[in-house]
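Submitted below is the structure of interest, expressed as structure tokens.
For clarity, chains are labelled A, B, C and D in written order, and residue numbers in each chain start from 1.
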Amino acid sequence: MSKLLIFIASRIVAFVLTVVIGVTVVFIIPRLLPYNPVEAQIGFIYSIGQFYDPTAIESLRQTLYELYGLKGNPVEQYLGVWRRLLTLDLGPSIMSFPTPVATLIGIALPWTLGLLTFSVLISWTLGNVIGTISGFFNHKKFSKLLTGVAVVLYPVPYFILALVLMFTFAFLIPIFPLGGGITIVGVGFSLDLVLNLAKHAALPAISIIIPGALGWWFLSSFTLTSQKKTEDFVRYAELKGLPNGVVLRRYLIRNILMPQTTALGLALGGIFSGALLTEVVYAYPGLGRLLYQAIINNDYNMIMGISLLSILGVSLATLLLDLLYPLIDPTVRYR
Amino acid sequence: MTLIPRTGVDALKFLGIGLARFSNIFLEVFRTSRAFRVGLVIFAVMIVLGVAVSSFSPFDPRRWYLVPPNRPPSPEFPLGTTTNGQDVFWLLTWSIKNSLIIGLITAMVASHFGLILGMLAGARGGLADRILMIMTDSFVVIPSLPTLILLAVLLRDVMTIPLMGLIISIFSWPWPSRQVRAMVLSLREREFIATSIFSGYGVMGRVFRDYLPFILPWHLVNLTNTVLFAISSEAALAVIGVSILSEATLGVMIYWALNYSALFRGLWWWLISPVITIILIFVSLFLISKGISDYSNPRLRWQARG
Amino acid sequence: MNRKTSYIAISTALVLVAALALSAVPVSYGQLPLPAGVPRGDVLVIENHWGTYANPNNWNPIASPGVGPASIAPGGSGYQQLCKAFLWYINTSNSMLIPWIAAEPPIYSPDFTSLVVKLRDGVYWNDGTPLTAEDVVFTLKYLKEAPAPIGVNEKASVKDARALDRLTVLIELVSPNPRWHYFYAVIIYGAGGILPKHVWQGKDPQKFENNPPMCAGPYNLRAVDPAGNWFLWERFDNWWGSKVFGVVPAAKYVLYINHGPDEAKALAMTKHELDALRTLLPEQAELVIKNNPYLKGWRASPPFAWPLDPCVKGIAFQTKTPPFDKREVRWALAYAIDYRTVYRAFVGIDRSTPTPAALPVIPHAADIETYYIPLLNYLKDHGYDPELVLDIARENNAWWVEKYPVLGWWKQDLAKAEQLLTAQGFRRGPDGKWLLPDGTPWTIEIKTTSGFEMESQRIAFLVADQWRAFGIDVKVTPLESGPFSTSYSIGDFQVGTFWPGCSQILDLYANWFNRWSSKYWVQKKGEGGHGTGWNTKEAPIPELDRIVDELERTAPDSPRAFELYREALKIWVRDLPWLGFFPTPFYTFQDGYAWENWPTFPENYYMDPVSWWSQHLFVILKVKPTGRAPTKDAIMDPKPLRVANTPLVKIASAAEWESLVGGPPPAVGVTTVTLRETVTQRVTELRTQVVTQVQTQTVTTVDWGVLSGVAAAVGIVLLVVGIVVGRALGRRRPAQ
Amino acid sequence: MSVNTLVLDCRNVTAHYELGYGVRVRAVDNVSLSVRRGEIVGLAGESGCGKTTLMRTIYRDVTPPLRVLSGVVRLQATDGEMVDLYSLSEARLREMRAKVISYIPQGSMSVLNPTSRIRSQFIEIFQKYGGVRKDEALRQVKDRLRELGLRESILNSYPHQLSGGMRQRTVIALATIMNPRIVLADEPTSALDVVYQRGVVEMIQKIREMYGTSFILVSHDMGLHYQVTDRIALMYAGKIIEVGKTDDVFSEPLHPYTEGLINSLPRIGGSKRLEGLSGLPPSLANPPPGCRFHPRCPYRMEKCAREEPPLLKFGDREVACWLLEGKK
């Protein structure tokens, strides 16, 4: 039992250290940028030609430096970040001043969670089912065709696939909207609302599911299956005359599920940085889009906030997997 | 416990073993796997296009308005021309070259870094293992695309093609490193390693003598995957405009084609060329890695990229 | 036929059939966020050009300093077009003032230290509360007292404000300023609005969300996308303007919506799901032009692009950084540019052309008359060729060629460029590339935009190309809006495609002119200071400083002001701190399918067709349903809006001022005598001239054949590759 | 049902590995072998002489690059019915496996499913045929395990929790649990120490006694053959070079190769120096002409390098060697 305790404790220590290093890296990188949000804002005012009192500009500049917390030295700023994290106050967003980052993340999070949890799970399941079956029957024609499709589909740049999908299903056959998250007026839960949400999530979801299911998850489970299939215990299961169904279920799927579950856990943990490109293409109001906006507008607080969420998400997923793995996989012991 | 081979002769011997092993694998796979041969041929064509053919370009294909714009493929312009008056064929050869450079640099840096780190962690175990793995895990949990975007923006002023490869490397080593460590750990359980510990080999000696031959095929597969990862990462960065837009890479070509709405204006040759090329590079590397992994049956291959 | 070939044949046939079937599907709409049962014809759909609003529930227009990039204030949400309470608008097409909530132009004291603002009687907020002098005074004081950075302008300029009576406000200024009212007059974007005292009093100016916003405009906020992409406004039938002007907007709803990237916007417009958009790149515009036969742009027929965007795009030099601190170097670089090539690259497929602008002044008709023509000889002395692109412009039927064949640019003159550089100690290396005077290779970095204002990025790449041809190594660095604005602001660049020259109206001071004075130059530590300040404290240009000083005491539309501007422009040409190319043509498309009476040049040009400006209200008040889309509550034939165009300011004589401030307000009836009248007349002349247009046949269907062909080809290629791969994989290998 | 009924009869089986580029490994070349009911037939020979390939061929475990070029393998499916194994449908074949014919593969350490308990790996096989109650099935399994010296508790274990020997015995139990007519055991005792080897041997004999099961026992351990088998076949370079009753073969080996193999065995009380075979078996991709053993044969004649000796019958012995020509 004490071995188990030591194991858990060491994993938790590792988890904490991981988070600390991750946060530090994410703190350092944007601050190395030779740009700063205050000057960006002043430049923006100049560039759109808004009429400003020339003497007011300088006072505006000074005030903004103070407000954005960019006055202190890096150590103070770093400590400030930790203080904020521990009190769960992520500070005001710079691009959407003075709305707190937490509020904006709170607005964007449900969209991303909804879209990505759904599509990641679907593509994982679909990809693994198709991939495992194709891998098992890897000499069959359909399997070769699917592999061909996957190999071709996987490297197609994501953006292009999304645009083609949009062009086809929002324009040529206008069954889905061009973008956005919702187009229904008025609040209150109703079937219409759900349908509307689903309709808007459909294309972004498809753009995640297709390359995911037919590309990545397919290829990984296909490869795993074809490899496992050549392993002695699977070959022997066939030689024992066990039916294909039993071999597939008890010998292959079970053994493939473990690495794939690890990958799923990490993919789910990664949801917290959003699907950046998908959300940009479809104007989907999730975290990825928010993060993209934050990056191009130098919104440190926002970048910190979302990255932190993502780091926590992935580390937690890793921790949980580490802790639960021995329960799922009998061949792994607590070490 | 020594960390380095005891003498220079030892080191050379280890290196020799590695090289011999490598060429054996190569020849063996080439002989037995048709997929490998097909992949190698496609890849060779890409290399020839990128390295040899591109240097015969009659002009700098990055320059604008040297040829008439918007021409579809014809004998004069085999892959047509762009709206900016660039010859797509020559532009493509340059792009292939630069993308391959990015891919190869990343592969060389990241996968070897990951390999060595993973082997060290796995072979030494104990505190070193813990520290190295915590480092690795930290990089695994940092969201990579946003950080890459930030870095690309940060280093824009000094950005070059090789630097791009290096930046992408930052997020390409942790996974392989974890995998290698896992493999070393499982190898460690086998008896022959115990034999070699008792016969007095140091960590590095064990790594080269015992683990490397087993990991090498996997490592080759990982190399090809890393090339792909790098090329597609650069393309992703380029699509949102943070690559080196005045250079020619496959991603940058796609960026300009999208920027000029090539897809919707029927200038398909402009967009399709780099996309097909990426697909072909992927297919060739996929076939190569399939050939190698069929040969060696490494279990962890596709997990290399999370 | 063996099985494999038959597979290929069948799959090919399927792809082809699918492609054909797809192309036959009719285009329909119905994806817009509208209340149940609202027909398309009741709604005016306008692009939310800003994009996704991170927090769509924050309608506080003051908390974010300036126009904070993601604050609600910018035009994307419709707030400044439909809701905000403005005292005045400025009509950018003729540079005149349109009094709105104010009854007339501001009346300045003779020394410009105070002004009086008179409000219209009968203006009220949309909850029925009258809008009075109290609101104006409250607004000024509230902003002045709010924590910085809110109200920095008011803090710097307003000494005091008080109500003289229910509708009259006296504002005392910190220092003389004949243009103070520009803070509260809509020039285009982000002007100050009056805050409703009864709503804002006692509220924290930073935290108050103002949701839903209290409006004084013809629409009220009806619904907001929780995701921040769209905003739906509903007509307010009791709007004060309807009583005062007798006008009711035709559209029952106005929807501001962000469809996503440009491709999606273009697709939306061809589906008639978007009635007005900001702009598209020419290549994306092509899609709309080919597929939407009802399309209107700046003109009712091609060329469509609006050529008078208020900022001259071009190349700015950081005049503090060697070697760009030498005017000879800047001129040499100008002479190294082949303007015709750049110009030609911006000719759209609908034959839209840019309007050349060698001066940092937008070449409106009035500006050409006021600045370009009087300065023509001076320009020619510097190598200006008025006929440089005239043939291209004429071929493409540009609006200015007949009336004003004077717009050209600095003619390419490589010999002169060479000579200027050599005289400064530059020489060419053995490879023909230029070396700096110290012998090191000359490399120029051009900073340009990325992800926004893509036209500027194109200029950068075009110019880089030409300078390379001249023998200089050029690197182009595209930057996102944040870094781009930063580097402009702190002057961290050598050369950039910034747009330091914006001018919407003849009074150039409104935008950039104040920054031409060395007294406003702010030296940043370690850096050169912001990019437009070429007149710096270290090397001041005394005559320019004098001009700015005098302008600050001169009424904005007095003849003397224009003289001074011309003098300043001469100095600008001499020093050439940046190269103005042209305002890039904007495809400000307007869809004539559901709505008509859009402003189109020249026959119905009552307003610039710019949907993100506050003035777009005047377009919204004028458009009418066509009847093509089903309507229920739209007004089929709305009354036209008639508003007075007045001079920009009134300047009271000492006696008038005395009576104004001391006693009861005098009867209205100030006569306006300015130079403006003649100019206005000329502009009108221009409008009446019938421009014969060669109507290019608008292709009404997209070439689906080609597209299906492409789709099929891609399908086949993918298929073949797939099969090849499949076969290669299919070979079995040793399985031991 | 006669004791002499043929259970397995393979005739002139030729199976090659086709490796591409014309490389062809002649692993099994024109081999005939038959097994009678209740008979334990040994298959001996050095490594790489085609024993395992022959087993795979008999079991119809034929996947590329292995290819069966000619020959017939017939199996007694039910009493009195011999079926051609290679003309059976996949379904029929699957049904016969484990119940009629079963296979203990070489290196059986890694053939157990690492993610399921031993218990369920047994149950699976019963489930395939149905009709047996679970507790009844488990009872049979426990009995079989006990015979092999395994504790019942291993049923709840995962394979990685067992030692190599335990795993090998588990596989033997798995392969014999349905009491098939014939079991192909490929090196079943290689990972076992002497004590457990003995257990396996006893179990094999017991099963044979109780159920009349036949075995083909592949081993390069001549001692094992001597102890267990009724008849023994010796393979060299893809061919059977001598077949006969085990006692006869051991007492009087006719083929020089057999002689070499047997001479390499230590004998109790014997003082004779161990005489192993010199040299290595030939490459099957490029076998020597004539008699394949001739390069290593101490008695080789000129003819040996030229012509291949046929398998000649001497009573119930069969030998392929020119030395014996004319002795008939």
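Criterion: contacts are C-beta pairs under 8 Å (C-beta built on N, C-alpha and C of every residue); 3 or more make two chains touch, one makes a residue touch a chain.
Source: prediction; values computed, not measured.
Trainee: Identify the chain pair joined by the greatest number of C-beta pairs in contact.
Mentor: Chains A-C share more contact pairs than any other pair.
Trainee: Of the chains shown, whose Cα centre falls closest to the middle of all protein Cα atoms?
Mentor: Of all chains shown, the one whose C-alpha centroid lies nearest the global centroid is A.
Trainee: Hey, how far is the Cα centre of chain A from the one of chain C, in Å?
Mentor: 36
Trainee: Return the distance between the CA-based centres of chain B and chain C, expressed in whole Å.
Mentor: That pair's centroid distance is 45 Å.
Trainee: Could you state the distance in Å from the CA-based centre of chain A to that of chain D?
Mentor: The separation of the two C-alpha centroids amounts to 56 Å.
Trainee: Distance between chain A and chain B based on Cα centroids, please, to the nearest Å.
Mentor: Spacing between the chain centres: roughly 23 Å.
Trainee: If I count partner chains per residue in chain A, which residues reach a count of at least 2?
Mentor: 33-34, 151-152, 163, 167, 230, 280, 295
Trainee: What parts of chain B, by residue number, touch at least two of the other chains?
Mentor: 32, 153, 157, 240, 263-264, 279, 283, 286, in rising order.
Trainee: Give the residues of chain C touching no fewer than two other chains, as numbers and ranges.
Mentor: If we look for residues of chain C contacting two or more partner chains, we find 263, 451, 480, 483, 721, 724-725, 729, 732-735.
Trainee: Okay, in this complex, where on chain A does chain B touch?
Mentor: Within the complex, chain A contacts chain B at residues 10, 14, 17-19, 21-22, 25-26, 29-30, 32-34, 151-152, 154-160, 163-164, 167, 219-220, 223-224, 227-228, 230, 259, 262-263, 266-267, 269-270, 272-273, 276-277, 280, 291-292, 295, 303, 306-307, 310-311, 314-315, 318.
Trainee: Can you list the residues on chain A that touch chain D in the complex?
Mentor: Those residues of chain A that touch chain D are 231-233, 235-237, 239-243, 246, 250-251, 254-255, 258, 329-331.
Trainee: In the complex formed with chain A, which residues of chain C make contact?
Mentor: Result: residues 22-23, 25, 27-29, 31-36, 51-52, 54-55, 58, 63-71, 148-149, 152-153, 155-157, 179, 182-183, 187-191, 206-207, 222-223, 225-230, 232, 257-261, 263-264, 267-268, 270-271, 273, 310-311, 451, 480-490, 492, 498-500, 502-504, 510-512, 514-515, 517, 520, 522, 530, 532, 718, 721-727, 729-730, 732, 735 of chain C touch chain A.
Trainee: How about chain D: which of its residues touch chain A in the complex?
Mentor: 59, 61, 93-99, 102-103, 105, 107-108, 110-116, 120, 124-125, 127-128, 158, 160, 174-175
Trainee: Taking the touch rule as given, give the residues of chain A at its contact with chain C in the complex, in rising order.
Mentor: 33-37, 39-60, 63-64, 67, 93, 95-99, 103-104, 107-108, 111, 139, 141, 144-145, 147-149, 151-152, 163, 166-168, 170-174, 176-186, 230, 280-285, 289-290, 293, 295-298
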